[in-house]
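The next block holds one structure in the form of structure tokens; read it before the comments.
All chains are identified by letter, namely A, B, C and D, in their written order; residue positions are counted from 1 within each chain.
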Amino acid sequence: MAKVRVGVAGYGVIGQRLADGVALQGDMELVGVADVAPTLSVQALKEKGMPYALYCAADEKRADLEKAGIPVTGSMEDLVKKVDVMLDATSAGVGARNKELYAKHGKKGIFQGGEKNSVADVFFHGYANYEKGLGAQFLKLTSCNTTGLIRAVDCVDRQVGVEKVAITIIRRVADPGDYHRGLTNALQIDHAPSHQALDLMTIMPHIDATGILVHTPVTHGHIITIVMTTKKDMSVEAALEAFRSHPRIRVVTIAQGFQGNASFFRYARDLGNPRGDMYEIGLWEDSIVKSGKDIMFAINIPQESVTIPESIDGIRACMGMQRDRLEGTGKTNEYLGIGKWKAHA
Amino acid sequence: MAKVRVGVAGYGVIGQRLADGVALQGDMELVGVADVAPTLSVQALKEKGMPYALYCAADEKRADLEKAGIPVTGSMEDLVKKVDVMLDATSAGVGARNKELYAKHGKKGIFQGGEKNSVADVFFHGYANYEKGLGAQFLKLTSCNTTGLIRAVDCVDRQVGVEKVAITIIRRVADPGDYHRGLTNALQIDHAPSHQALDLMTIMPHIDATGILVHTPVTHGHIITIVMTTKKDMSVEAALEAFRSHPRIRVVTIAQGFQGNASFFRYARDLGNPRGDMYEIGLWEDSIVKSGKDIMFAINIPQESVTIPESIDGIRACMGMQRDRLEGTGKTNEYLGIGKWKAHA
Amino acid sequence: MAKVRVGVAGYGVIGQRLADGVALQGDMELVGVADVAPTLSVQALKEKGMPYALYCAADEKRADLEKAGIPVTGSMEDLVKKVDVMLDATSAGVGARNKELYAKHGKKGIFQGGEKNSVADVFFHGYANYEKGLGAQFLKLTSCNTTGLIRAVDCVDRQVGVEKVAITIIRRVADPGDYHRGLTNALQIDHAPSHQALDLMTIMPHIDATGILVHTPVTHGHIITIVMTTKKDMSVEAALEAFRSHPRIRVVTIAQGFQGNASFFRYARDLGNPRGDMYEIGLWEDSIVKSGKDIMFAINIPQESVTIPESIDGIRACMGMQRDRLEGTGKTNEYLGIGKWKAHA
Amino acid sequence: MAKVRVGVAGYGVIGQRLADGVALQGDMELVGVADVAPTLSVQALKEKGMPYALYCAADEKRADLEKAGIPVTGSMEDLVKKVDVMLDATSAGVGARNKELYAKHGKKGIFQGGEKNSVADVFFHGYANYEKGLGAQFLKLTSCNTTGLIRAVDCVDRQVGVEKVAITIIRRVADPGDYHRGLTNALQIDHAPSHQALDLMTIMPHIDATGILVHTPVTHGHIITIVMTTKKDMSVEAALEAFRSHPRIRVVTIAQGFQGNASFFRYARDLGNPRGDMYEIGLWEDSIVKSGKDIMFAINIPQESVTIPESIDGIRACMGMQRDRLEGTGKTNEYLGIGKWKAHA
């Protein structure tokens, strides 16, 4: 079977990781990536010897790229023509404009969480609503926090049913290397309910969700606490068992050395994962407690890489590569090496 | 009526504020403070011209103080003899030893949250269990987070009854000026349930409480989110009304400019409050949401100063100065100027 | 003699402190302050009971202020008419526009460091070029770092002559309470030479200055290291002696507890200084070393308050209140309580 | 020729990188690594499938490792027996004890900067004093800051001669993942002169060096500013030319996107370098300025990885693999891929 041809628009924090993730899929071909400026990421691509062809997403910027010595293979339209599906990781708002180009050429498009829901036919999560994505032309992925959150909620929901969640998102405020945003010695609160709670309800409309988000001056990973009301009572042990069996959840303990979000980053670097990335969310065994019949626990969200697997699931769904949720996500996991670690655990 | 004579042991972050707070009480006399070393705080006391007499809490250290030019009025035992009650704000563990000295002289003692509960006859909170402190010899105050948390929980509990709370504590990791502790670019999680939830249950045994605590690299104020199951259903409006009527809760909005913990510190500095301190907890109107029948909201805890009013309440209770909860806390509020701001609101 | 009447435009971080500083001067009268919005600082002014009359600096914003319950005394033009001199602490660029209003009414104006030099007749520093400010209509103050830096350089220059300085500015990136700027886990470097070095040469044209500035994610105080080539050789002891004799330099040691910028803030809070402010720069005795014949040392700049004394010096100079540098700065020091601490040292 | 057999003691931040670096050398064989506990790094080694054999450095801890499921190949003495040279990256003080074991078996040892100089025969830097390391039994490497600093100083010294340097070290206070140390919203100053200046003089005794060190709350890379007095006058252009020609110095500009230490980390991650490591120091073209006849500039030190090349140089020197400085360092560079990027520049 011919490989599915994939392009990536926007070679920034997410775009690079999408490109790397697609390149690992045995049944996909990464045709190229598109960007507009000789950013550090594009300069790094050049220093690596251009493993991915670069297309220029704005004709008037091509000269800037070439002046910086970056080889340009063609225009973004050239790239769109060559692919079956575009993964769009451009800045919020740009994706909506790119959609017209994808539509013009009858290509599929998968947008990241920053775009408005209206950009897509389906608001998508690989584990929670894979089936809805089947054959769709335009998907929009959930954002990093929502993606990780839904993994955990869906995991319990499929076991005992979830009625209600109240979340507290302790959010990293910038990525490593960011200079355009950041906080210094300040926590910042957003209006409640947080969009992640609302987004969860869009994907899982049978659940009542609310939450409060607080920005914190760190760069490695969000921590979310979840108070969850289940339909059937669930013990700490049963929850633990469920979480442990999920390929994209890594259950850890403080005693092991996972003291916080920075431990996950340290561990992923020590694993030799490119960029110190981790596809799994972390879940602290020591955080799981009962609140009456409710259950409460904390997860860790590696914001730069957590949406990559679900984005690739999206390709599988919209292209109809696998029609079954577990088959589709399982194929993504296999090629990304997710769950391999459980063999060693 | 003769003023109640008060001494303060430990002139650090909390001890200084206790001394200042007692000095403002029209019906109390601050006899002096005790410490052992020429810390920055003690040097500042000297630079201010010794508004409070300093007693040396360890005879063998007296020479160090005098070498640093700090006038020493006497030993800590001298201080204890002169007072009716000691506020003990020494490092955790030291208070337990000091207790013997207080007992030897038949004096009362009020310990801060860092000591073990066993140090005291009563684990005390001015609003939640004032009556239990009446006439007691030894009280222990709740810690900063627990003190602020109980204000909010007790406020609702007295209106509609509280059954259950699940809290997420987003904790500042150091005080301004601390060099002996701190985190850099890392969130750190503690084993659940957090001690604040357990402490709340000791003070309010009819409530089921649990929670998760995450340390964050900031110095100004904790933020706590609270998911609260009430006995009678409570609307957002009713909750808001209740919180607004509490003298030690300051209801604010993000639109007003209270974007996070640092805004409270900024505001208290602009108010001209000594040290930029605030006695009230903050509560964001924009954070109050319903989670099914539960109610969820976020509060801000000014860690350095929040326990001062309840500590002074403790003096009133154990000395029997006021026998009624609202009379006792009201007197403290009056002398500290708490609630005066509501007149301007 | 009639008191000099002063108004302050812009009631933000600097404006508030200018107002407080002027209010302390026995020979000046603070007529009022002007601002345009009900910021936290203006809300705090109201909560304090309007110790300073507020004038609205933009007619179309008056309704916003009144809607927020802030009493407005008049327009900014009303304020300008009533004063002899305006201290302008508005955002960069606004001062240039305000200047026209001051000129229209024949009033003097003193601008903060953010404005362009062209806004003023004289680029002013109380200690370095007081005489140049005598009788001038428009002065511009040096910025916080330059103000503190020049204190130290001028101090040595008047003793042994300074030929050359090479500075490294380790800059705080935001003020406490700032949410509109900040860095998270990142140092940021500016193009060299830093503007502070260039500004120093404008004030002290006989000195060759250069420097590098690095932003750091902290809020309390800059640290500057200075490598200084003197005309006559200067020993560490002689430098120490000179620094100790300067009223606006506070010589400290690490052993005393001054471990860094946060220690100064802690100490000023413990002193009971409003907002935890300090007018003096800190200078570490333990940092003074010889580099060949050069001398190297480090100073601490409390960015929010350091320019207040020199701004008030500016009033004295431009209004001709004192015609002598030491008399003028001495009067400012006396009313601000600067140097009083030396009596206790 | 038989490969030189190398062991690494201590599999922490530095030890891991030493092991990886040695494993890349075509003329060396990494026999194994030694550690005592199932740290996150050792757990990651296991999850990767034990690419390096692990030896237990303390017999009484072997059970702990095995309980955590870590395969142990033997004791540290077993490892020492099998190798020609040990790279010792254990905690400060442990290396001195390990030295006895190395000596007992007649093996060579190379210690990291944390150990006392007395542990070694030669205090070593690959570029500055390679020849002194030839044939030595015990070498001690310079620390991370000193290693990077000496690269830049030696580079200029060999061109025009360096007389004197005055440095300001803006130091990261913790590594990513550290929870045992850190600062929050505080700069911290050390007694001057900093040890790095003293160490530089030990390696390059013909230079007069002094400096001030300030700790900052960041985790990615130190920035050092250097004021350098040269024997012959050196223009900015000549300095730039010299730095550009050095294999282990990467000259960058702010305009390119290198805004600070975090940009280097971001760039190294984007390059796909394991752990986001970089062996080169960064040097900002935009920071180079003249201070009279002196020259001033700023460098970036990637603290986790910068000493790896010089440590491997140490193996080459003490084992006599290459007798010439440029040949030895060149071989290290070749195997580590250092300088390859210049081809693309």
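Annotations for the structure displayed:
We take it that a residue touches a chain if its C-beta (ideal position, glycine included) is under 8 Å from a C-beta of that chain, and two chains touch if they have at least 3 such contacts.
Quantities reported herein were computed from a predicted structural model and do not represent experimental measurements.
Compared on C-beta pairs in contact, A-D and B-D come out with A-D as the pair having more.
Of all chains, the one whose mean C-alpha position sits at the greatest distance from that of subunit B is D.
Note on chain placement: the centre of subunit A and the centre of subunit B lie 42 Å apart, centres being C-alpha means.
A separation of 48 Å divides the Cα centre of subunit B from that of subunit D.
The distance from the centre of subunit A to the centre of subunit D, with each centre set as the mean of the Cα atoms, comes to 35 Å.
Of all residues in subunit C, those that touch two or more other chains are 176-179, 184-186, 188, 217-220, 259-260, 262. Against subunit C, the residues of subunit A that register as touching in their complex are 173-174, 176-179, 182-186, 188, 217-219. Touching subunit D in their complex are the following residues of subunit C: 163-166, 168, 170, 185-193, 208, 210-212, 214-221, 223, 225, 227, 229, 254, 259-262, 284, 286-292, 294, 296-298. Of all the residues in subunit D, the ones that touch subunit A in their complex are 16, 39-41, 43-49, 69, 176-179, 184-185, 220, 256-260, 262-263, 265-267, 269-272, 274-276, 341, 344.
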